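For reference, the structures are reproduced in the following blocks.
What follows is a pair of complexes built around chain A, which joins chain B in one and chain C in the other.
This part shows the complex of A and B:
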């Protein structure tokens, strides 16, 4: 029927294609697409945790309530701060580390790559509990060291003080976020066309010029990808909050993701929690789109 | 290796010094977990930290293993001997990560091959759906997922954690990247030789995408081991916990016994770090291939 493929071949490709796709498609549709659709549906209802109790369709009531909910607005604000701080810091830090190590020999290169990836591998629970100990008011090393150096003169309750709690969380988040960007930047930098770099050097370009005129444009797609994944990760910051502060003190570390969890599992308001989830997804989609647009224009 | 690219010699020396200082900072939490797990309660709660334990003790691990007993395994009506909770949690975690890994590798390598090499109707739509899903925050779907799991009767069951992990489309995307590299002539030749589809897959396709499968396997294993949020909302009863969840629960109950908590953290972190170190080459490859054209 169509150009180069005979009808028999086309049918064969269709059948075998879908047979190979089927097992994966079952899991994908069942446990990713279906929950996504039901997330949107439930956000318009007053659903609770039990799937058997009848739910009422309440139109946009959940969405209207969100913008009057001070805890949600505080959580949104904190989440935006986390993203605004962590995304640039992660990008610049990992680009610097990657440029410093990508020309090393295989041994030291993989040593540094592994070291910066270790906090990710260690797992959020193990990392969080050790930081909790280090931040501790009475026997944490931060108070000991800072008093020793003379920066502070009496112990600070880092996680219990609204002035410091969010900054403390962001610091841990940063150490668990740079691993993947460093691996990506190392690989991107070693794929930069070496003949261009050499030609520029022959022409007398300085290192700074070589970096901005030749390397930077070529690693742009990687930067874009890192921006997107770091944004998504920062938006989803949850384990740290749940294990360290539960959003306190006085909502100083409340984030959207933690508040979604709290609404759904402590208040049993699934519909309302899903409305927040939809808003969060829309935020991330808009941000990713902006980042793609910016990168395209360059 | 091109010389003289990294600027002046002084700058390069400063770079190395800063890198080593950073490496020490990044390694410190892990060091603190490991040494902390072997310190006495007095050393732990002293305001002056012991940078190296003056006295080693296994007390923290003894306390850890004396808490919360659970049967070693439960398969249908078959119940194993009673063991410390932490042992059961480790077994649960290994089972979860291995099952998630095997199922993901199997389904994703087949689907990735189909998307890369088969010209079936609707291929573009399926692929766009996969890419769109990957850009969404994974955690958002977890709340509706609980209702789905409880209506399927799988709430508080380790499979409620495994199945969504397998469904996450990153693996399919990664395997498609690898399968793109298979030359069409090889598939054509296999077909002319009379090999059926399944045989072509096992003898021609699989050997070509094997490095990709390795990368995906280690990637899935580690991510599943550490996916705390998913485990937290799906698993509740004491004998069904994973090791991360178990440590988190203990932390909530004995929040001041940092020695005990560090012993738990060491038990959760050391096995997965060892796995990572053994397979880290594949891991790096998986990260970079998954990002190409991302």
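This part shows the complex of A and C:
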């Protein structure tokens, strides 16, 4: 017999439900929706710290200025390089590691998962300080080792030389980014339907064929997720730049995220900084959409 | 009953959330007699004005005398500006803030967030306060946004033992703490010949300690950073370009875009560099904040503070001035109480304690009959350091567009360091960034 709730009871249930939702909703509205709307609004103004002059609505002037701002364009270019290098490398490297370790026994498997996940759970400031020490121009371990084996005869200023600085940042980013994808891939590979793998092997499929025809399609959702989060993380690379290079030398490590911070909190050009934030959000949204689309088609 | 419980739970969660969002800064309060006005002070770590115990003793004494309660929050130079700017945006600024004119006058004051406190300066004050410090506290319109408490001269330092080993000690005058540009370059040559590596760095990773690189470049051949009226940046003049090129060409000196002033001090303290361009009395008293005794490196070498080298040996040193300003929160009672606090700390019989807490020198000769020129008579290092005070140069950090200019300076150094070192490349870099500073 079908039981139906009275309208009064249903209303009460709904109210209770909404009350439970309320804290999250307040948080979401206050810390996500409001800042987003505010960011878009301010990007059309000349908002700054000056209390003596009222904020003016300047339409698209900030957006026009962006494309004439050499530092922004340099930051955009550097950000794109970071994304183009780190996203494929993180995905391929983590898949390779996961493929190598996912069949291991529990003990060694846990060991490798811990090893690769440690940089993720270690505070970014601590990780950065250690890397800064390793890169040090005067007593860093990289110079010490490379000089020791005769690769270089003079210390290299890794973070102070425009030729090397961005590559150094990307290297750190890679080490802190691969932990989560490896864990996710290990889990995804372990969940691949073994009966299909065995059937393919019985039919004479090679390891490569098994991987591309059986495993790869089944781990595609995980790959998509990893692609999206790695892309977003790469676009939002900030702490490393702030702690290590401040965007230098000579803008070699300037990224959009760091330039937003610098423009808003050092030059106090809130409107212009927000315009950059909007552009960055659009870039991330477009790339994520493309990634979803491509994965869906596959 | 279940729904009542659900309701209570929901409200608890909401209140918990609200509690998370409430702003409760790490702060100390002075014990106050009930009924008195309450004011808040945010202070940067200016000597022991960043030390809770020291500051509490000062504010407790003030509270006992006036009945005004003071809540203090301690800022750091790392994120202090961000905190203040966030507070300005959220209209939650403190009543008082302690820092220098580059922030209080040319930034927050110029942007309309500070109270004009020119009424606090009477004729006696104007006579007693150091002229450079007094001028720095006023803007071009004659409004004062800072009342000065202390000041110092920024300088450089050398590792005297290393200088002796390299035979470079002949180029410095240990008595007067001065040297000429020629002597400086010869000393670097001698050090480089001895150690074969970088002995001093034009650090330019960020703005930390940038007063040192500015003073070095400006003094070498008599260049200036701004004009005398503080209306334009002049570091694109030929003298500064010559200095930048000299430093570029000099063996033993490196433009280093991977370090800031703090890193340079650490390298100097640990014996890697033989000279530091970011130095002042606080460092001389406690090098690298290591608590290893005054004027000593990590391995016990003697540190000698020096004026920056100049062609005739008379340097113009960059000053540091610190004092109090009042944020305009629209509360007349709090503004009045804040003014009382300022006069108590900066112009009363208690000023001696406030000055000593800073580890710097009083910005005035006397306060309400108390002679402040002998505050440090019992301290040998401080006494010796007073030899640099007459060399204080123009306090140009109040020039318009200072935040942009400051950043443009170290970006320019990075570009010079990464260039081929030709005069044309250096000139182009200087013109580009000086132009930015001048808003072109």
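The rule is short, and it goes like this: the second predicted complex is superposed on the first by the 280 of 298 C-alpha atoms of A that agree within 3 Å, B and C clash if a C-alpha of one lies under 4 Å from a C-alpha of the other, contacts with A are read in each partner's own complex, and residues count from 1 in each chain.
Rule of thumb we're sticking to: contacts are C-beta pairs under 8 Å (C-beta built on N, C-alpha and C of every residue); 3 or more make two chains touch, one makes a residue touch a chain.
The model shown is predicted, which means the values in this text are computed figures rather than measured ones.
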item: Which superposed partner A:195 touches (first chain B, second chain C, both, neither); value: neither
item: Dominant contact partner of chain A by residue count, chain C or chain B; value: B
item: Which superposed partner A:49 touches (first chain B, second chain C, both, neither); value: both
item: Which of chain B and chain C A:249 touches, first, second, both or neither; value: second
item: Touched partner set for A:68, first chain B, second chain C, both or neither; value: neither
item: Touching partner for A:158 - first (chain B), second (chain C), both, neither; value: second
item: Partner chain in contact with A:281 - chain B first, chain C second, else both or neither; value: first
item: Chain B versus chain C as contact partner of A:268, first or second or both or neither; value: second
item: First (chain B), second (chain C), both or neither touched by A:134; value: first
item: Touching partner for A:27 - first (chain B), second (chain C), both, neither; value: both
item: Touching both chain C and chain B, counted on chain A across the two superposed complexes; value: 16, 19-20, 23, 27, 30, 49-52, 136, 138-139, 265, 270
item: Contact set on chain A toward chain B in their complex; value: 5, 10, 13-14, 16-21, 23-25, 27-28, 30-36, 38-39, 42, 47, 49-52, 97, 100-101, 103, 110-127, 129-134, 136, 138-139, 141, 143-144, 175, 180, 183-184, 187, 194, 197-198, 201, 207, 221-222, 225, 228, 232, 235-236, 238-239, 242-243, 257, 260-261, 264-265, 270, 273-274, 277-278, 280-281, 284-285, 288
item: Complex contacts: residues of chain A adjacent to chain C; value: 12, 16, 19-20, 22-23, 26-27, 30, 48-52, 135-139, 157-162, 165, 245-246, 248-251, 262, 265-268, 270
item: Interfacial residue positions of chain B with respect to chain A in the complex; value: 1-2, 5-7, 15-16, 18-19, 22-23, 26-27, 29-30, 32-33, 36, 44-49, 103, 106-108, 110-111, 113-115, 118-121, 123, 126, 129-130, 133, 135-148, 150-151, 163-164, 166-169, 172, 197, 201, 222, 225-226, 228-229, 232-233, 244-245, 247-248, 251, 258, 261-262, 264-266, 268-269, 272-273, 276-277, 280, 284, 287-288, 291, 293-294
item: Complex interface listing, chain C residues touching chain A; value: 3, 6-7, 9-10, 13-14, 16-17, 21, 81-82, 85, 88-89, 107-108, 110-113, 198, 204-206, 254, 256-259, 267, 272, 403-404, 407, 410-411, 414-415, 417-418
